[in-house]
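Take a look at the structure set out below.
Chain lettering (A, B, C and D) follows the sequence in which the chains are written, and residue indices restart at 1 in each chain.
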Amino acid sequence: MPTVIHSSLPLWACLASLLAAPVIVLFGREPTLREATTFAAGLLKFGLVLAMLPWVLDGRTVEYTLIEGIGGIHAPIRFRVDGLGMLFALVASSLWIVTSLYAVGYMRGLHEHSQTRFFAFFAISLSATLGVAFAGNLLTLYLFYEMLSLSTWPLVTHHQDKEARSGGRTYLAYLVGTSIGFALPALIYTWVKTGGEISFGPEGILASTDIGPAQGMILLLAFVFGFSKAGLMPFHSWLPAAMVAPTPVSALLHAVAVVKVGVFCVIRVFTGVFGVDLLSRLGVATVISWIAGFTVLASSLIAMSQDNLKRRLAFSTIGQLAYIVLGVSLLSGHAVQGSMMHIAMHAFGKITLFFCAGAIFVATGRKYVSQLDGLGRRMPVTMAAFAIGALSVTGLPPTGGLLSKFYLVWGAAEAHQPALLAVYLISSVLNGVYFFPIIHRAFFRPPIDAGEDTPGTGCCAGEAPLACVVPLSITAVASVLLFFFPGLLYDLSALMTGGK
Amino acid sequence: MDLLNQYLIPHFNYWAYVILMMIGMHAMIVKNNLIKKLIGMSIFQTAIILFYVSIGVKEGADIPVLHHHAPEVAESHTPAADPHHAVDPDHYANPLPHVLMLTAIVVGVSTLGMALAISQSIYKDFDTLEENEILAKIKQGGPGIDV
Amino acid sequence: MSEQLPAILLVAPLFGALLIGVASPGDPRRAFPIVLLSLSISLAATVALLTKVVSSGPVDYFLGGWAEPLGIGIQLRVDGINALILVFIALIGLLTAIFSYRGPDDGEPTDKAPLFYILYLLLCVGLLGITITGDAFNVFVLVEIASLTSYGLVAMGSSPRGTLAAFNYIIMGTIGASFYLLGVGYLYMRTGALNMAQIHSLIALPEVAASQTILVAFLLILVGVWIKMAFFPLYGWLPNAYTYCPSGASGILAPLVTKVSVYVMIRVMLSVFGAGWVFQSAGWSQTVVWLAVIAILAGSFIALAQVELKKMLSYLIVAEVGYMVGGAWLANHWGMVGAIYHILADAAMTLCLFLAANIFVKHAGGGRIDRLEGLFRRMPVVAGAFVVGALSMIGVPPTGGFFSKWYLIRGGIEAGQWPFVAALILSSLVNAVLFFRIFEVAHFGRKPADGHHHHPPHADGEPSPEQQGTIGETTGSDRKPRLTAVAPLVAAAALVLLVGIFSGPIVEIIRGALQGMPHVGAAAPLIGR
Amino acid sequence: MKWIGLIAVVLTGALLLSAVGDFPDFGDPKSPANGGVGDFSVSQYYITHTEQDTKVPNVVTAVLADYRGYDTMFETTVIFIAGIGIIAILRSHPPGGRRGPAHPIDATVDGDHQRIIIGITCRIMIPIIQIFALYVVAHGHHSPGGGFQGGVMLGASFILIGLSRDLQAALARFSERRFIVLACLGVAIYAGFGLLCLLLERNFLDYGVLDGFFHTDPVMARSHGIFAVEVGVAFTVTAIMFAIYANLSSKGRLDEGL
């Protein structure tokens, strides 16, 4: 059994950006100081997370209980860092630094209003993301989950216009509605069933209770639909609605932080609350895999028909998330490991695509796929990064996406699910179908005249400002590096599956 | 017949107070004029006082003032000595309901006083005491509706 | 002096009120320090009492020294259930006193302030007295004190609808108090005793427990207390009373009066009739829980239809009362714990919401919800506190509101009362819609609703509220809210969070008090384990 | 609306009378209230023990002011609240010592015959009423009387001044500031005696400990304590009765009464 280290590092990792928020508001007047605080907080957070990496790598978990007495019986705010938590935290905190750089470029490029509020809430939502990553019991998980929904609302409705208002309304209706409607009763039902013990441990919380298949099914469905940030159909339409947000928000939050929190919670439910062996005994996980399978196919088909670039990327994200949920619900070792690795791979890939979409908007003001003809010549670096990102998301060789998809497919075969195996393959093809026309259009089509573009503030002949181009190239290169050096990801995800 | 003398005759006081109370309550709820509601309210409260006092009545008992001891008490200053013959409780009415009802009377007066003051200030604002007229005035956006 | 605490916490505000009457009926400046002093003394006394109860168990105090034959004198009793409520009454009284620094309403002529403070202090005496007393009839006297002062506070405002609301409040309040008095009369007629503990021991006798009079007495007391707490069918008086009364009054009435009536119901159920007697037939608890479900749903949905902010919050109080009554009548341990805990959590969040609403109505022009634009920018601190209160009402951790739902839902699940659980969840969702509608108005302000393609260049950095003064013409005075109004509001928001974060110790105290009672005593045997 | 009221009333009435069979008979000395359940009866204890506890023959006054003195203290506070509430609601410009327009007090100025007759008879009667009222307050120990009854009579005498002559005459003798202070003083006396017992390390309102103060044995101290408390009640009731009359009759302006 891995020994347990008690240290308050996870608490400080969460609080790093939360405490930065008031400082950011203090420096509201001086933008440079404000941006410096954001970066300092980003680096500090990433450093704290890295500090815990060695412990976690050799199989130990870091635990810390904040307030003993909260919640009456055994439900204090507790942090517990294990392989899965560490993997997600690394991804989130590292990408936050890159996104902050991008956001500065983007916001200044478009002279956005009330930027202090933007960066303050950005910091708060990151602290909530890490809170979910390090949550030690269901109550803390739910607490930071709700905090994330609320702190991202002002970001989604940043433009404060009619579209933002309706987008924000659907965003909250789905997220807060499903979490209170499904997740809270499921949470309390678990608390009742286990007589007060809701902390995550090596084996599932409910492993020791005699929960029947019917109750198990209802509870699992309530949890999975309760954590609607995972974007499973029919509770997925908050994600396209959230595209009204400025691109840095869509990039980090709706490609990496918020959606991955949803999937992370689903994986926690599968591994931490139920435990893989209880689920296989009850045989209820197959329903989830069918739902996820349907979501994968449906979202890929819808993505093909979307002309708005960001909405197409949004539906592609829904599809990729359903990959991960499908992988976990297969309950086979490799599939679970594949889904965990896919969290990272998809994060890097999709964030690159969103960065490119934002750069195109900043440079040329274009938003629709049909307008992207011949953009390759004008913005070579951006479009190249876009191509790499597309490769990674579809899972083709030079990028990391291939590895995680390979494990997922291997897991599906291992779990003797030929139909789901087919779903994986078909959807990979569909991914290609909705990404490659964009690349073809950008590089092999004559450029439409740039007359009606807004005079972009691009620096070198039409490219977005440097502060936008540099981050997207970093993430593009990173997704390629992940293909060649997946060691770190492999070890972390092996901890969760192998370690059991 | 037994219905009469088992339920009605020995319990006439309870029938009396309930009927009185229901008259008061009916007036409070149904009457349109505010002052009539207040009259109903005082009937309602007085009925409860009647109920309480009727509990404490003992057949052939005197008022709860221990009078025939007055002379000896004056000179026999023996505090500890029990008076030569113990007081027989059945000779004196039950004092407790009377104490409680003093409070209820005081409460009744205070509520009535305050209600009259409020109805005066309502009359000052709406210059009518009929509830339906007041509600009509409010509906057409009477004085200071949207405070 | 330490064993005289129960008397001290009542005498201090009483003498405070009398001192104001004698010293300065005229000018408010001398009255305010007296109010603060007397309320802080009683707050200190309640906190000392709480520590005494936690360390050495329930405290009994016999007025006039009449202890030996139980039932002769009047007994005050402080145990795990009411110790915390006493602290909250004194604390909320102090905070609202600071809030109404310049008399009942900022706009009011301040020479009515001393009278307002006298009524205010005597209301605190009434509420503290109700919570601490162990004598059934004494509860009636103190209920009357609390009611009369509330009628006075509601009626002394300048708005005509306030006086009309006060009149309805008097009629309904008198019916409620008289039903309670009649219930105590029936109890006295059948048991011959007025002391709660004595009645409890007499009701334990089989022939008394089975008697019809005791049943009618219980129904009368129940209906009387339900009217006082505005339980669903009998809530007619509450919305107008709390909307059109002076702002200082709504700050003290809304959080406490209905909650203390819920406490009276729980005290009567547990200490007078005993949980064993009350839950003897499952039919009762089933019907009352159904009534509570209707109360919760009706309160929430009517609130959804409201246009005025304070009226909406008043209907939410009706829904919250449904939570507490439903929780208490689930007839199991966690339901009762949840109900008692919710008294505290709901008092804190209602205080926070009503203080914020008063400031909004005063400074953001009118009570209507759609006139609250741009509040997050113009009054960030006040809006922030309002958000904390709203999150607690929705039930988002770590606020108090979440944990009361946490225990109530657990009680509901263990008692198998699924409609109650569903009602709790549904009302949380409705609250979410209610409050996010307000956040949306407050967040968006009346900006031109242009598309966000080509952004008109804005001044970089955060436009300070002064610059933003042009957000629509606000009829309310544009001055910033006074510090004495904002400080108690921030304290109230902190209280909401503290009730949530320290819900563990609070629940341990409550569970200690419930030990050994049938039905609600030990934790119910777990399903399945 | 009418039907709802009727149905509610009939239902409540039925509920109230549903247990008639179980009620004790009227006047039955052995009913639970009079004779007690089991071995102990609260009211019988009062009757048998008032003599030795407080030496006050009138059991009701003893129970009112000593055994359940806490109730009566709050009762006096209820009266006090009613007065303050009415002043707060009606008074347009509340107390601040600003006196109303003081015009000359002359009962016979307009030569109205009835006025002279009323004026003279009231002038004779009022002092007698006031003395009798004080007697009722003082004699509460031995006869049905006490603070409330005496206080009301005393208040009524001032109201009689207001009625027979005019409100200004009554206010001249019993001005607004004076009756507010008197009302506060009454409750202060009551609570003050309770506080005195508190300061002497005994429970609130435990007059027995005041034997040093009254220079008598503890039991007589209780009797004196009861009397002192009754005086406090009388003050408050007098002041508030007059305050209610003055404010209600002049709609809060305290200029001319009925």
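Here, a contact is a pair of C-beta atoms (placed from the backbone, for glycine too) under 8 Å apart; a residue touches a chain by one contact, two chains touch by 3 or more.
Every value quoted in this text rests on a predicted model; they were computed, and no experiment measured them.
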{"item": "Which of A-C and C-D has more C-beta contact pairs", "value": "C-D"}
{"item": "Distance between chain centroids, defined by C-alpha means - chain A, chain B (Å)", "value": "70"}
{"item": "Between chain D and chain C, distance of the C-alpha-averaged centres to the nearest whole Å", "value": "32"}
{"item": "Averaged-CA centre spacing for the pair chain C and chain A, given as whole angstrom", "value": "42"}
{"item": "Centroid spacing, where centroids are CA-atom means, of chain B and chain C in whole angstrom", "value": "30"}
{"item": "Shared interface positions of chain D, touching two or more other chains", "value": "16, 21, 23-24, 31, 33-34, 41-43, 46, 68, 71, 75, 78, 81-82, 85, 89"}
{"item": "Where chain B touches two or more other chains, by residue", "value": "25, 55, 96-97, 100, 103, 107, 110-111, 114, 117-118, 121"}
{"item": "Chain C residues counted as touching two or more neighbouring chains", "value": "137, 141, 144, 148, 151-152, 155, 163, 182, 188-189, 194"}
{"item": "Chain-level touch network, classified as line, ring, star, complete or other", "value": "other"}
{"item": "Chain-to-chain touches, reported pairwise for every pair that qualifies", "value": "A-C, B-C, B-D, C-D"}
{"item": "Touch list for chain C against partner chain D, complex", "value": "4, 7-8, 11, 14-15, 18-19, 21-22, 25-27, 61-66, 69, 71-74, 109, 111-112, 114-116, 118-119, 122, 125, 129, 135, 137-138, 141-142, 144-145, 148-149, 151-152, 155-156, 163, 182, 186, 188-194, 198, 202, 205, 208, 211-213, 215-216, 219-220"}
{"item": "Residues of chain D that touch chain B when the two form their complex", "value": "1-2, 4-6, 8-10, 12-13, 16-17, 20-21, 23-29, 31, 33-34, 41-44, 46-48, 50-52, 55, 57-60, 63-64, 68, 71-72, 75, 78-79, 81-83, 85-86, 89-90, 142-144, 148, 217, 219, 244, 247-248, 251-252"}
{"item": "Chain B partner contacts - residues on chain C that touch it in the complex", "value": "137, 140-141, 144, 148, 151-152, 155, 158-164, 166-167, 170-171, 174-175, 177-178, 181-182, 185, 188-189, 194, 244, 361, 366-368"}
{"item": "Residues of chain A defined as touching chain C within the complex", "value": "28-29, 31, 67-72, 76-77, 110-117, 139, 142-143, 146-147, 150, 153-154, 157, 159-165, 168-169, 172-173, 176-177, 180-181, 184-185, 188-189, 191-195, 209-211, 244, 365, 454"}
{"item": "Interfacial residue positions of chain C with respect to chain A in the complex", "value": "337, 391, 394-398, 403, 405-407, 409-410, 413-414, 421, 425, 428-429, 432-433, 436, 439-440, 443-445, 447, 449-455, 457-458, 460-463, 500-505, 507-508, 511, 526-529"}
